[in-house]
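Both complexes below contain chain A, partnered by chain B and then by chain C.
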Partner chain A sequence: MKNKYKPYVMLIPVMIVILGIFINGLIMAFIQSLGYFKAIGLTEITFKYYKEVLTSQGFLSSLGFSVYIATISSVIAVVLGVILAYSILRSTHRKGIEEAVYKIPIFVPHIVAALLAYNILAQSGVVPRVLYSIGIIKDQSQFPSLLYDKNGIGIIIAYIWKGIPFVAMVVYTILSNINNKLSQVALNLGANNRQVFFYILLPFIMPSIFSSFIIIFAFSFGAYELPFLLGPTSPKALPVKAYVEYTNSNLANRPYAMVINMILTIVSLILVWLYNKSFELISKYNR
Partner chain B sequence: MSQIKLKNITKFFDSKRILDDINLEVKKGEMVSLLGPSGCGKTTTLKIIAGLLNPDNGDILFEGDSVLNIPVEKRGAVIVFQDYLLFPHLNTAENIEFGLKMAKIDKFKRRKRVKKMLQLVQLEGYENKYPRELSGGQKQRVALARALAIEPKVLLLDEPFSNLDSRLRENMRDFILQIQRELNITTILVTHDKEEALMTSDKIAIMLDGKIKQFGSPIELYKNPISSEVADFFGEKNYIKGCIKDEMFTSDIINVKTDFNKYLSVKAMINPEDIKVFELQSNTDITGIIKMKKYAGDRIYYTISVNGVELKCISEPNELFNIDDKVGVNINFNNLVFFPIDN
Partner chain C sequence: MKVKQSKLFSLIMYIIIFLLVLPLIIIIIWSVAKSWPWPSIFPNAIGLRGWKYFFKPTSKSIIILLHSVYLSMIVTIITLIITIPAAKALALYNFKGKKIVELLIIAPLIVSPVAVAMGIHLFFIKLGLSNTFIGVVLVHLVPCIPYSVKILKNVFEITGESMEMQSRVLGASKLQTFKHVTLPIISPGLVSAGSLVFTVSFSQYFLTFLIGGGRVVTFPMVMFPFVQSGDRMMASVYSIVFIFTTLACMYIMEKITKKYYKTEGYFYIN
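Entry: the complex of A and B
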């Protein structure tokens, strides 16, 4: 009996932190999203705010914008990340430098990434200046405006830059652990390199491709700094919208912010569930 | 014309010479063994034939044409690896089908061929099992079926039986030999097990330190090894030092007439089964004392001391003696092999 409870007892300190701060915050947000905010005299539980938010044009376009940014940037980052991992695996010379260099973007904070994107892609940035000085464009303003535009190109590029090395790192670890002999067997049985990749390597890395997709998707869907710094005024990405509502001086707007946060939370929970499912797939092959 | 010919194959790994001037000819339908200790370059030779490695020097011919520039996936020399290496994410049928699918053979033909292969290796009903659900022997058979499915020009077997326990190993050996004969497929077997090589092969190449020391039929190699290092491969031998003069070999224990006249100082090799012990009689030529005895059921291993020279012999199970017994010794001189002694 004693032993049965021991792990739970030992988990108490960390659970106090998690339950006390994290879950408590979540519950507070949930209660406020239902319109209970005693500080300003709101005490009636209602789904009014959910209804209003979910039917408002502003919210829907923000949701669409966030889904669009997260999907496009994550898909491109995953494809390029897998290609990068495979190229490092296939390179025959010493891999030390490659293995170190490609990870650098992982350590760079998102705000610095935003600054980099600004320095390089803004109309006064490095790329337009180079294009101008070699005569490809006649004026720096001819360079398409990639930042603050409605298509979110700047945000997507910055997320891709951050995402590729992360995907490559996860996938490369799996790739380099696949028994190299399996590729040899496949070649020996008549498969060409492309077939070896699609029929042997890809099934093994698929679960990790999927889980790394979910991680970067969840991040780019829920993170606030890149769209805030590089995004257009309208539509705003969902986390930016939540922030704006939250910092609104009119406290009566608070339930709207909390509804948006709850929606972000629900989407994240679904992604976590999918993430766990992908691990069941991983263990299928490693049995 | 020979099906496979290796000409002066040399291979280095990091300036270490792994294969040194390998020459080998395998005829169509033949079963040839590469026999040698681990690290002698057998598996490297196999990988070079398959195209998984390139030689640093020399040429490989299939039916008279060089295949050096033909990549591994088009060469048609398939290896069955020691650890089977089935694809863990594919079931039995998909594993067998793999090579056919890569060759883009249509589905109907593929199914037919898989069915035939499953019959051949007696695994009907196992189509949907995954490798993790199969026993060692079953995995081995799937690996064999997968290799044979694409009708390779040559089948390369890399220590195929070493991961199986001894009874299963004998069964699989007979099984593979039977399939090899049935399909008349040119086969090269890599092994470190002399009995396996002797029992299965038309010809054996003895490999040591990256060189082929001798190549010939099992009987040739056993009866007429060209050196003691080749002879030792086939078990413990007796060596008696002596010299040859005027067509006579003389030593401490035996004097025999011989037509081998090339060297003066020699050692004579005698197989343990060519020495017999019997109960001492009054007219016995050679006598000895039993020094050691190992009873193995169907035979007995004795070590006998004859004039201070220790001889090993394998006896019938009814020739029972005890240690320190004085016995008569009979040596079959017909099978003597002489090796020169280097000074």
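Entry: the complex of A and C
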């Protein structure tokens, strides 16, 4: 009975940080988003800022831009990541240097990923140089500007580059632990490799595919660096827009920044809920 | 048929890995390119100007790099110390509110750090924590905790508690048990968690920049302007140093742990 409180005591240090900084930060942002900002004399609670932000065209296009970038980059990264993991599993070589090398982008920060995208896709980058040398384009300006544009190609490619190894690592860990006998039995009973993949392997890896999708989606939706470095001036991604409002010299603008932050948070909370669901799926499969 | 297929998958694997590694090779070339005008595929002249600038004492790059490593090491150590008991509690015990605690711990991985940082900024200013080293360390803990708990929890789920129980039954004190039984058992997990936490902290830009207010200068912060202005040579030099430092720190962490416990590091992540 004396052990009843033991787990709680063990959790105290971590929870101090989580509640004291993380949750506290979100609550502070929420209070300020309601227009309560004592330092400059705003003490009236109001939904006025929400109304204004949610109906402004600039905000809506930013929201659309962020959702677009996060969706496209995460879907492509997940598909290619699963293909990479499955290819490593099926390839002739095992446990070679390849298995370590593909993980490198996981440890490369997003600022460097921005530089890589810039090196390759800018109008003076490697891709237009190669296209020029084989005669497909005749001038630098014929290469479409993929950076700082409304399609966000540069941002998307940088996120995909970071995402593929992450997904592949997570999925490969599961794939290599699935009992090989299951596939063997199915093959013996006349299934082809495609059927083995879709009916045996895919159900096993589905929950982790889903949870890694949520993680990279949430990251690309809520991160500041890449859209700031590679994105267009308009529309700005939501985190960039929030920061611009935040640094506005007029402090009365703060609530607008906090409303954007709250919308970022609400979307993230939905993702947390979905993430949690994916783990319920995992335990269902393991039963 | 089987051989042919596995060759095909090898090919796909090599193509994807090649595309992942190619950009890294390009920055190595850029870091030593003296002149690389359009439309040459290779630089016209090779030079070490970027590297010379980096190693010149007046650029202070090395001091900032060491300072940055020091900060992230402190973050890593604190994160590991506070997450070991938390991960153990979540892995081995059932208690009321466990689900909520798990969700709260995993949430910083998903909720935008931009929102959290701006929200907590005013609070940190009031407490005198903004623009300080301690403030930056504290705010770095938030994105690091979920990774560490996730990995260590997995380790505790696999290893269980029976070895520690035996040690206690045989008369070892709590401290002895922790030092001679628990730590060696979880050491591979500690290496994985430590490496990942170090990387997460070492790569932070926005949190450091907002809470540190420009007073706490870390490596990503000196690198940022070079990337922003499109100075490819300098940005490439800094990027290579960055990646190399991360890999070196991970390698050292693994070596030290191996020396003490003779085990290997793995990623326990899913």
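Observations
One rule holds for everything that comes next: the second predicted complex is superposed on the first by the 283 of 287 C-alpha atoms of A that agree within 3 Å, B and C clash if a C-alpha of one lies under 4 Å from a C-alpha of the other, contacts with A are read in each partner's own complex, and residues count from 1 in each chain.
Criterion: a residue touches a chain if its C-beta (ideal position, glycine included) is under 8 Å from a C-beta of that chain, and two chains touch if they have at least 3 such contacts.
Remember, it's a predicted structure, so these values are computed and weren't measured experimentally.
In the superposed model, A:Ser124 makes contact with chain C only, not with chain B.
Set side by side, chain B and chain C differ in how many residues of chain A they touch, and the one touching more is C. Contacts of A:Ile45 after superposition on the shared chain: neither chain B nor chain C is touched.
In the superposition on chain A, contact of A:Ile200 is made with chain B only, not with chain C. After overlaying the two complexes on the shared chain, residue contacts for A:Ile23 are found with chain C alone; chain B is out of touch.
When the shared chain is aligned, no partner comes close enough to touch A:Ile136: not chain B, not chain C. Shared contact residues of chain A with chain B and chain C: none.
By the touch criterion given at the top, residues 179, 181-182, 184-192, 195, 199-200, 203-204, 285, 287 of chain A touch chain B in their complex. Touching chain A in their complex are the following residues of chain B: 50-52, 72-74, 77-79, 81, 83, 85, 87-89, 98-99, 101-103, 132, 146-147, 150. Residues 6-8, 10-11, 13-15, 17-19, 21-30, 32, 39, 80, 83-84, 86-93, 98, 101-102, 104-112, 114-120, 122, 124, 126, 128-130, 132-133, 140, 161, 164-165, 169-170, 173-174, 193, 208, 211, 214-215, 218, 221-225, 229, 239, 242-243, 246, 257-258, 261-262, 264-265, 268-269, 271-272, 275-276, 282 of chain A touch chain C in their complex. Those residues of chain C that touch chain A in the shared complex are 3, 5-7, 9-10, 12-14, 16-17, 20-21, 23-24, 26-27, 30, 38-41, 81-83, 85-86, 88-90, 93, 95, 98, 101, 103-120, 122-123, 138-139, 141-142, 145, 149, 199, 202-203, 205-206, 220, 223-224, 227-228, 230, 232, 235-236, 239, 242-243, 246-247, 250, 267, 269-270.
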